[in-house]
Amino acid sequence: MFNVKELKKSILVSLWFMFLTFPIMVIKVNTIYGKVEWRWYRMALVGVGSFFLSFVWRALLRRKEMGLKKAEEGQEVKVPLTRKLISDKRFNRPALVVVCLFALLFPLVFSLYQVNIMTTALIYVVVGLGLNIVVGLAGLLDLGYVAFYAVGAYSYALLNYHFGLGFWTVLPIGAGLAMLFGILLGFPVLRLRGDYLAIVTLGFGEIIRIILENWNEFSFGPSGIANIPRPGFFGIQMNLHQVHIYIYYLMIGMTVFTIFVVRRLQDSRIGRAWMALREDEVACQAMGIDKTKTKLSAFALGATWAGMGGVVFAAKTTFINPASFTIWESIIILCIVVLGGMGSIVGVICGALVLILLPEYLRAFSEYRMLMFGAALIIMMVFRPGGIISDVRKVYHFEGLKEESKDL
Amino acid sequence: MDFGYFFELFLGGLTRGSIYALLALGYTMVYGIIELINFAHGEIYMIGAFTALIVTGVLTLMGWNKIAILILASLAAVVYSSAYGYTAEKIAYKPLRNAPRLSALISAIGVSLFLQNYVLLAQTSDFLPFPNLIPEFEFLKPVEDIVRSSEIVIYATTAVVMVALTILIKFTRIGKAMRATAQDQKMARLVGVDVDRVISITFIIGSATAALGGVLIASHIGQINFYIGFIAGIKAFVAAVLGGIGSMPGAVLGSLVLGWTESFFTGYISSDYEDVFAFIFLVLILIFRPSGILGRKDTDKV
Amino acid sequence: MLEMKNVQTFYGNIQALKGISLRIAEGEIVTLIGANGAGKTTTLMSVCGIVPPRAGEIFFEGRPIHHMAANKIVSLGICQVPEGRRIFPYLTVLENLDMGAFLRNDKAEIKRDLDYVFSLFPILAERRNQAGGTLSGGEQQMLAISRALMARPRLLLLDEPSLGLAPLVVKQIFEIIRKVNSEQKTTIFLVEQNANLALKVAHRGYVMENGQITMTDTAASLMANEQVRKAYLGI
Amino acid sequence: MVKINFRKLLVLLVAAAFIAAVSGPAMAADTIKLGVAGPHSGDLASYGIPSVKAAELVVKNINAKGGVLGKKVELIVEDDVCKPEVAANTATKLVGAGVNVVLGHICSGATKAALGIYKDSHIVVMSPSATNPALTQSGDYPNFFRTIASDDAQAKLEVEFALNVLKVKRIAVLHDKGDYGKGLAEYAKGFLEKDPRAKVVLYEGITPGAVDYSAVVQKIKRKKADAVIFGGYHPEASKIVTQMRKKKMKTYFISDDGVKDDTFIKVAKQYAEGVYATGPKDVSKNPLTIKARAEHVKAYGSDPGAFFENAYAATLALLNAIEKAGSTDYNAIVKALRTEYVDTPLGKIRFDERGDAIGVGFAMYQVRGGKYVEVK
Amino acid sequence: MSPALEVSNLTMDFGGLRALDSIDLTVNHGEIVALIGPNGAGKTTFFNCITGIYNPTAGDMRLVSPEGKAVRINGLKPNQVTENGMARTFQNIRLFQNMTVLENVMIGRHCRLRAGIPGAVFRPPRVRKEESRLIEDSYRMLQKVGLEKYVNEFAKNLPYGAQRRLEIARAMATEPFILLLDEPAAGMNTQETKELDELILRIRNEEGICILLIEHDMKLVMSLSDRIYVVDYGRKIAEGTPGQIKNDPAVIKAYLGEDIDA
């Protein structure tokens, strides 16, 4: 493959990038001291780097195309391991056992830090699954999802502060309040479609954050609320390590619960209506599906999980302020859903684990962390546009009359 | 009512609006043609500003005169922003042309993060003072405390850019190709339009507009850092949607409306909730006009 | 003029064309008939380079065009009126026609062609400043054909021109097709569901089934063919 | 063709990162581990990175002299993006890596979220920049120290200066809606409301990062404020001041140490002239400050950024305390911090019972001739 | 014969444009009625008005069920119209492409099911039964239109003719007493059209559903319909049996042309 044509291409790419990065990478001006620093070695680095990377990039693109081609030519397509694991009972049962065992033993094996970030990731799994209802199933692009997360977190913080309510009491209250907000948001935006919906939800998210920032009497403003108690367990005193492990298990439980409920919703009359709504709104209504009710239910249910996630978030962090609920947070949650594979539960779980754990593990690269994270997003989307787990949706399968006729 | 006060708020809103408009125009162009919410558009603007800063810094040290610097810096900003826009399209969006739209959005978010951190690492995290490149006009002396020359230049540039883009879209060959591509890509190819090229050019023009914005805004505000693109990008996006995304006059009108909304709300009520109000206003407009002020009503053909 | 040799084209997993070979001579009207999903539209898309074939060769006046980009193919003089008309909905009638002449630079000639299509379809002249999307189905089909003619094609590909049109309009359109062929000497490759109509207007025909050509003959003999009559003419 | 298996590559990369993350720090030899936490990416990175540089410089010097207690000092730098939830992860990461003391965090919110974890792990934390009064005054965080005075002290100074020195009657209090700026503004407003001599004519939050503040400036003008007290950072302050001065408004502008930064003067240029800002007592003559700043210019080719001296001082104080305590034992370090004076760019300091540095106070500065000059 | 759908004086304006001008139309139970006319005459607009997609400017529309229950459907939302017993298909196929054939039909049944969110989560026996019946019923519906062999295929992978029939099956799943078909034969070849003809007749005869269709294929229209309405420029220009219509000079001039087989 290292023929002249390829070589030429790579040289061109490398020259282009050297040109492209020239001012920003090479020159550093200090206007105060009147000094210009020329960092030519960087240009060399860029040149060499882009030269080799362009080979890799093209090789990967070719591979992607070849994968498509193979599929087109009807050749035996290697089913990706991930999909095999999910769809084949022989694989997924043992795999599930392994995953469960791993999840259960995790805090006993790994350090507090690992447990801590895993708990964070699990919160995002729950929240991501919630957003998946809205975006993945009902096809409504929501860029302000973090608002509901904030509602949950502040419900716990404030109810606890003012009335001393405990974690377990607030968990359903927070979920309910978030649901209420979901419905409140749902009403005005029902008529909007696509990107107009996106921008309005984005605005809603910002409105909630700004109100939290400004309304000191209510929310304590930007300095936030500290000393939020961690969840209790029959009043037993726990040290830091124990309490984190406890929250971890709590989150495992909640994740399982979420998966259970979301799966059942997905396979129900409501779930089908959501999917139909995503496919074709007009046809959907012609089939007797109430658009308003269906959209509202998606918003409300999606928000509920965000609310619950928010309550746990507040309890885990013990301190919240509006800085945790910026639009970036919404974007990250959206990335989880899209990157994982819209509409797929396993996909969303993978997405959450990858996106939340990746920046943590990228800490090894210190200041290049976020640069690599950005690059990773691009690469993953370019080479797996459908997400990590794409096209895996439970499909109603007909297997004959008068028998248990549903299949996984 | 205090008319002077009203007028000054009006001008303040106009400045804000014009600034948003320079960004929103590029946003709306790219959206119009491939329906991509180009989250990295703000970063392209930031790159433009940085390039201009670097060029200005070097040339100032070499003792060039101010006008020459302004022209060269703007030129460099336009060239480099366009180059970055073009490259981003080729790397991060083109392979996703047939993928779900949300995937392209995530890719754009990736580009945005990457460029931010690229500048953070290659340059600095600090705010850098940006020299005021726009000369003070003599004829503005009497009204100096009401309107400044940089503001005049911003209004003028926005107006010129909008008119130029409208002419480009309406009357030139490439403009026609753009409109055709926006409406039906496949058919555009069937009448002989090189769609890939048209998309590239759209990105280049959109990025160049952003770069002009970058130079002017940086010069007006007097400082830049690697993060200025993000908030500006979001605001421009809001403005573009408000006006009806995909429509050029809509982008400008939406930007101005947003600018005035913020300005008057701050002036007469409170800036604590200016964004809240701006967003509520947006929601209200979209409820009554679901496709923005000048947007086409996209009726679903049954 | 056009020759396809063993062309194979794929859509995703599905092989739509399983080795198509056909020839069209200059000045002919050739029709391709067949059931839905037989691959007729794909054949046209392969010729135009929108869905490039994976294997096989396509020649236009002796030049291989199977690796060319769509816009290059158009510039050679192949123009398509696609299924479903695909009018640019927000461009006016005039602008739509203008887009048809996108690759041409001869202003005077363009003007002449414009007058010609207006003479073919006077209704378009009346609606010249109306947005394409506001036209009725029949008018859109007229506009689509006119747009293609504006490119002054040497080979005109027509995909289902009668689809969804009232009987009166269908008749009008087919008269125009015949007229264009005889007056402008434009070669026409016609894909049509309504075999009855298509064979009436065409010189020769190909029958397509499941991505393969199963039969070819003059239009008259095809009309007479027992199998064709049963399967496609419904007699 | 070079066969590259994308998936394998990815798995490998992730695995490598994982191993690095899990095992990296644990393998380190016997060293004194100094954690540094703050925002090193994202919009607030410019407030976190200078601290890392300060710590790097101090550690380099100390290691060159043989380290602390005969051991080398090792830096473990972690990003918290100024977000509470990330800060909690950062804290557990640092705790897991076995840090002995922590320099950080930068934002008060992030600090609060992280402190609980350090507290339970008996680790001393010293922030160069977290000014929220509750951090030391609430008594919740015995392991917390800081080399910066709290917001209320600063606000008090600003208000007193405005009332006693400038003798203004009508004051506009602005803030940037942020953790730091708004906290400060709240205190200032509180102090002003208790004092009959002046009136708060405007209390408002501006939106940080906005392109234009002319509306707010108009409002200040219309309310006929004699002085503006601004809580926030220099990017916004310079925009407001510039617009005020260009509108020929002579209103006094009084701000905080987020503005007492050379960048402010560079950006606002001639318009910065006359602006008042509180800042740590003048340390520019302090030889240690001069040395530290010179080191920074030498090592990184630019002037140091925000909170550099505070971070430099905090690092010195922490390492000195370990040296004096003779061990890394929590109680010993705390005791040493409270009793032992240490020479820093901020002067000779030790810490009081609550964790505030004694001897670190604020002074009022004014921009004169392009420089901040202390107002006596 | 009792009316199933009564439309009187239906008028629809778009801006200044009058798309429909006081149209009267009745479909009786047990009838197959066709609505024909040139492109752009307002046929699809008429469908959109009576199915609630547009809100007509004036006029009165009523649905009367076989049991005699009459409902005025002006201003109802599309889904409410469907609930009241009128289903439709679309001119350009609007299936749920990424769902299976079975799922498409299951969604058609949506409005006849009752399970809500708690039902979905807790899945009590009632819901379980409802769901398993749903699958069986849907399958039977597919058998009726002859699509059972595609049951687990994705809708997008179906041949064109089968997609058209799936649309009909999906509409039938809503248990209508009147079915609106918008150009059901468009794009079908002669063979497929013949099968469609049979299917429509069967639906009327076996299910007792009356049908209103828009169609350009005159052979189909003439052979199927009991009565035909002809519209042009939003106005009704003729009404009658196929025989009458075929020979109506106004219709020939506006729509048919001289030679009907063409």
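Letters are used for the chains, namely A, B, C, D and E, taken in the order the chains are written, and counting of residues starts over at 1 for each.
By our rule, contacts are C-beta pairs under 8 Å (C-beta built on N, C-alpha and C of every residue); 3 or more make two chains touch, one makes a residue touch a chain.
Note that the structure is a prediction, hence the values are computed from the model and not measured.
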item: Per-chain CA centroid nearest to the all-protein CA mean; value: A
item: Greatest separation from subunit A - chain, by CA centre; value: C
item: Most heavily contacting chain pair (counted by C-beta pairs in contact); value: A-B
item: Length of the line joining the C-alpha centres of subunit A and subunit D, rounded to whole Å; value: 32
item: Geometric centre distance via CA averages, subunit B-subunit A, whole Å; value: 29
item: Inter-centroid spacing, subunit E versus subunit B (mean Cα positions, whole Å); value: 48
item: CA centroid of subunit D to CA centroid of subunit E, Å; value: 70
item: Residue numbers of subunit C (touch at least two other chains); value: 14
item: Multi-chain contact sites of subunit B, meaning residues that touch two or more partners; value: 117, 129, 272, 275, 302
item: Where subunit D touches two or more other chains, by residue; value: 41-42, 177, 205, 266, 302
item: Subunit B contact footprint on subunit D (complex, rising order); value: 41-43, 45-46, 49, 177, 204-207, 209-212, 214-216, 218-219, 222, 234-235, 238-239, 242, 246-248, 263, 266-269, 302, 305
item: Touching residues (chain side subunit C, partner subunit B) in the complex; value: 48-50, 69-71, 74-75, 79-80, 82, 86, 88-91, 95, 98-100, 102-103, 147, 151
item: In the complex, subunit B residues that touch subunit D; value: 2, 5, 8-9, 11-13, 15-16, 19-20, 117, 120, 124-127, 129-130, 144-146, 148, 217, 220-223, 225, 227-228, 230-232, 235, 262-264, 266-267, 270-272, 274-275
item: Subunit E partner contacts - residues on subunit C that touch it in the complex; value: 14, 35-37, 84, 135-139, 160, 163-171, 174, 193, 195-197, 231-234
item: List of subunit A residues in touch with subunit E within their complex; value: 261, 264-265, 267-273, 275-276, 279-280, 282-291, 297, 301, 395-398, 401-402, 404-406
